[in-house]
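Working notes, beginning with the structure itself.
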Amino acid sequence: MHQLELRNITKTFGSVVANNNVSLTLEKGEILSLLGENGCGKTTLMNMIAGIYYPDSGSILINGEEVSIKSPIDAFNHGIGMIHQHFKLVDVFSATENIVLGYKEEGRFNLKKSAIKVKEIADKYGFIIDPKKKIYDMSVSEKQTVEIVKVLFRGADILILDEPTAVLTPQETRKLFDVLRKMKEDGKSIIIITHKLNEVMEISDRVAVLRKGEYIGSVNSKETSESQLTEMMVGKKVELNIDRTEPKDPKDRLIIKNLSTIRDDGLPGVRNIEFTARSGEILGIAGIAGSGQKELLEAIAGLSKIKSGTIEYINPENEEIVNLCLKSPRQIRDLGVRLAFVPEDRLGMGLVGNMDLVDNVMLRSYEKGKLDLLDRKTPGKLTDQIVKDLEVVTDSVNTPVRRLSGGNVQKVLVGREIASVPKVLMAAYPVRGLDINSSYLIYNLLNEQKENGSAVIFVGEDLDVLLALSDRILVLNGGHITGIVDARSATKEEVGLLMTKSVVVEEE
Amino acid sequence: MAHENKREPLFHIVKRMDIKPGAKVGIKVLSIFIGLLIAAIFVVALSPKSNNFFGFFGSMASGVFSTPRRFWKYLLEAALLLGVSIALVPAFKMKFWNLGGNGQILMGCLGTCVVMFYLGGKLPDPILWILMLVAAVAFAGIWAVIPALFKAFFKTNESLFTLMLNYIAAILVGYTISSWYPKGTGSMTPLTNGQLPIINNTPFGKCFLPIVLFVFITTAVALYLKYSKHGYELSVVGESENTARYIGINVKWVTIRTVLFSGILCGLVGFVLSGAINYMMSTNMDSNMGFTGIMVAWLSHFSPIVMVFISLFIAFITKGMSQVNEDFGFTDENLSSVITGIIFFLLIASEFFVSYKIIWRADAQKVVDKIAFPFVWVGKKLSPVFEKIGNFFTGLKLKLTKGGK
Amino acid sequence: MVEFLFQAIAIAVIFLLGCVGEILTEKAGHLNLGIPGIMCVGAAGGILGVVIANNVNGVLSIFCAILFSIIFAAVAGGIYAFLTVSLRCNQNVTGLALTIFGNGFSSVFINNIIKIEGEGGKGALLSEAGNKFFLAHLPFADSLGGFGKIVFGHGFLTYFAIAIAVAAAVVLAFTRIGLNLRAVGESPATADAAGINVTKYKYVFILAGSSIAGLGGLVYVMQYMGGIVGAELAGTVEGIGWLCIALVIFTLWKPALSILGSFIFGALYIFPSFVNVFFPDVTFTFAQLKLFPLIPYVVTIIVLVVTSLMGKKENQGPASLGVSYFREDR
């Protein structure tokens, strides 16, 4: 008898088939990895077990008995708990308040008593948690802890973790895996959704693979290899190597000295940043999510409040030095500094979801022309060009970009940004949510810019890619630079350590 | 299996990816139809005088079409409403909730009347007209720009701010009237100097210029939104403020400029109300058009053409209701807000069926099919017509507006 | 001065009910701009209740008034809830439509169905009920002088309103229901994932909030106006309704604080009638007196600006206020 069994599950969203006829089993006391590329339907499938979505057809069995999971509460009642990738926590609540939320316990509502129980669970599995701390004061790893304790608090036997390591440092990941192993010893069954092969091999007993919404098969971790799994994931054998050429004639392009910024909410952004970006070179930026990557790029693009320091731009044409701190975003752009910024919300900055491709491409050039009237012809031609060159899949150039898939949205954005031959190109998480082919297309575009003599700044989250693509890697933690390493010689562990290294500064 | 079906939810809702223009028109027509039906039942049920169900529609039509005077008054009402709706669109499209249309109209009236009252007879009328226009636009502009400044610099909640300004404007108007007529009842007699020209002394002659003016303004604003850089900028700000900052648009300036523009257009409505129609002002001269205008602008999804039709329809109800009032023995002119309210509810609700689809459980689907059968049948018969109307609007929309949601 | 404080409390009750009603609605993540309309409808329902009770006795009159006021307001709130929760329509637009409707409906209902003036008019019955029942206060209040009048001299509904506010404060801060409700308003997706029935909570608290706000309309017409129904009823109640929504921001979404907040707003609102008490030496012209009602609106604007300048997270509105929740949104 299986702890959990899925039979022929199908789920569609409009015309998109997210899961097609998927069958899957989970045994008691095992850790199962659910492996697949972005957009292959892993999360959708798990959301159906957690009661977030309801399958169009198919059945779910727990301990051999067919069940209907219509809501998260049904899921809890069947002992299922899911830790979502985007944490489902209420920001202004404390840890305990979040943990007891929605839990119908016997007896009177008593937060103090619950806090004690939270502590007990944390001690049992080796978590560190402050029951009274508010969520908005917590680090990503602390928030994840709250999520896991929340599920255990309800006595879940089946835990589903969606990309739990995406936001963690290697050290934090190790701690998490220790906890997961303790839970397994305790008899819990765990599904972990991931696309990182090395983690799959390290933590799981068995691996199930999804591709484009379909179940491909499952293998025991001990009997498989990374290359076999890759093949199952993407269908054909792919070369995981990224070309890296030696920088040609690197020249200083951006010299940043003693830069400190202030965020919109008044808290400090990055602090005392000093580095140089050179032409013909890719400078990678590593760090846990929210370590100041966004603030740094926005400062260079003229989008944030600068407290002190200088950002010197050396114009390649006349070697003239310009301080970008004193310039508006528009003036900075006219100098050739381009920012392709892809924050978590893909259409949050850089593109307008409800506008069509032409109007989005026009964002960069609409001001041209003396009249107060718009010229849509020239941008229209450029759009056609981008669609053709980067193989953007779209009905027409008049389709709103929000209707495009993630990869195509990204192609439009990057295509527009490089169309004007930037001297500095900044890309933040440019491959987040893209499939392997689109990711490689983006990497190639970045490499192309590097060879054209651009200074490329690339913020990434996958350390393997950062190490393979960049020439140098700058590591941020808590708004400080904790180190700049040579990407050709550095190791993952080295970068990982820098990501968590704390910098003590005397407050002025 | 039957046992398992019971555990499945009765229905679930999914987002529609695309909807045919014909179906969209069909849904709207159906909702207006149901709305009018409810309205008729409401009126007939409560009427002390008549219980002629079909008479309700006859009364409405006769309230609008029975005499040329009524018809022109109706067109004027529709034009004014169109003027307010289109005035609100630029700010609205920028996601600035300007609930202060009423106050801005009143300030336009105030500006106009101040010039007429103090300078009337002292200056030749043409100069007076220009000064009236300037004052109306300035007063209303200030009324709009104050909340815009606070929104731009401090992110102050604009909807409540503008609401409060409505009351302040009404109080200022009341104060001004009382200071002009210290012994009066708080109302004003029409001013004789500075009346805007009329073609002749027929209803047509009096209404023609305002109607032409608002049709012109609507066209101009539609072109501004679609073809000017300003229009493009404000769409970007409305859709994504971060993207606007990222491409170097000065969000604060665009906010202020756009809301100022909206206020000025509302002021023009006040200018017409006081200078061309009533030659005076009162604390409720706005007839709540600021609110109705928001509904019209929102329901038309900012498409000026659709806005024309909705304005015509809402004005039809307002004007038609005055006859219904008489025929059905109501003593309260507020009946028209009740009916417009009901129609608004139905139209708002119809938005759901445009953007979402209900998927019923298999056994429930059968029942639903049976109930829905007559409607589907009628819908199928009418579908070529709806499709034509739908395509007509989509065609125009592509030509006239862009990007709007 | 005693009269001023007495009157301030008398009108503050209306603010308090409107404000607590809107707080509960907003805590569920719904900005209800229909509250002014709902208060009008509540007033109409209250009048119907009094007419039905036909002045047989005070308890019945007050009971029927409350009952029908709540029924009317809940139906109006139900329309809003259905449109914004189930059909996920835009909250601002739906609310405005409801206010347009509610304002008109109360006028039509009171003037055409109940009829105040003329033959068969209920004006006398209503004012009698207002004076005899709704304004009846504890007998010992008069013996305690000014203090007694201010504290104990009000009608039953005043104390009922304060009890509602205190109850709302307790529920929000100290119960599981309150915790769940706050979660629904802050992040419905989180609440949903935690197994809370988001739709149920939204409906229950929109209806509860509407009912409470509707009582505000009842208090205005039967207690504050003593049952005298004037032509300006709907207009005045609507104006107070908008101030109630602003008051929610002023009281930082806390029902307990709204007791104090509504007293302040009540005092500002009736201040124009007491200008001569406060400035006995100044003679104001007829026109100048018309300017004093500006005060509550100007103060509200100042409050809006000041609160927008403060940035503490707990003092802001619920994070998901005004946003429709659709579980399968991707």
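Every chain is named by a letter (A, B and C) in the order it is written, and numbering of its residues begins at 1.
In the analysis below, contacts are C-beta pairs under 8 Å (C-beta built on N, C-alpha and C of every residue); 3 or more make two chains touch, one makes a residue touch a chain.
Just so it is clear, the model here is predicted, and its values are computed rather than measured.
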Chain closest to the assembly centre - both centres taken as Cα means: B
Remotest chain, subunit B as reference, centres from CA atoms: A
Two chains joined by the most C-beta pairs in contact, as defined above: B-C
Where subunit A and subunit C are represented by their mean Cα positions, the distance between them in whole Å: 46
Rounded Å distance, subunit A centre to subunit B centre (Cα mean): 44
Centre-to-centre distance between subunit C and subunit B (centres being mean Cα positions), rounded to whole Å: 28
Residue numbers of subunit C (touch at least two other chains): 328
Shared interface positions of subunit A, touching two or more other chains: 13
Residues of subunit B whose C-beta touches two or more other chains: 12, 14-15
Subunit C-facing residues of subunit A, complex: 13, 50, 52-53, 71-73, 75-76, 82, 84, 88-93, 97-98, 100-104, 109, 136, 150, 265-266
List of subunit B residues in touch with subunit C within their complex: 12-15, 46, 48, 97, 99, 150, 154-157, 159-161, 163-165, 167-168, 171, 174-176, 178-179, 182-183, 186, 288, 291-292, 294-295, 298-299, 330-332, 334-338, 340-342, 344-345, 348-349, 351-352, 356
Of subunit B, residues touching subunit A in the complex: 4, 7-9, 12, 14-17, 227-232, 235-236, 239-240, 242-243, 245-248, 402-405
Touch list for subunit A against partner subunit B, complex: 13-15, 54, 59, 66, 68, 70, 301-303, 328-330, 333, 339, 341, 347-356, 359, 362-364, 366-367, 372-374, 400
Interfacial residue positions of subunit C with respect to subunit B in the complex: 33, 79, 83, 87-90, 92-94, 96-105, 107-108, 111-113, 234, 239, 242, 245-246, 249, 285-288, 290-291, 293-294, 297-298, 300-301, 304-305, 308-309, 326, 328-329
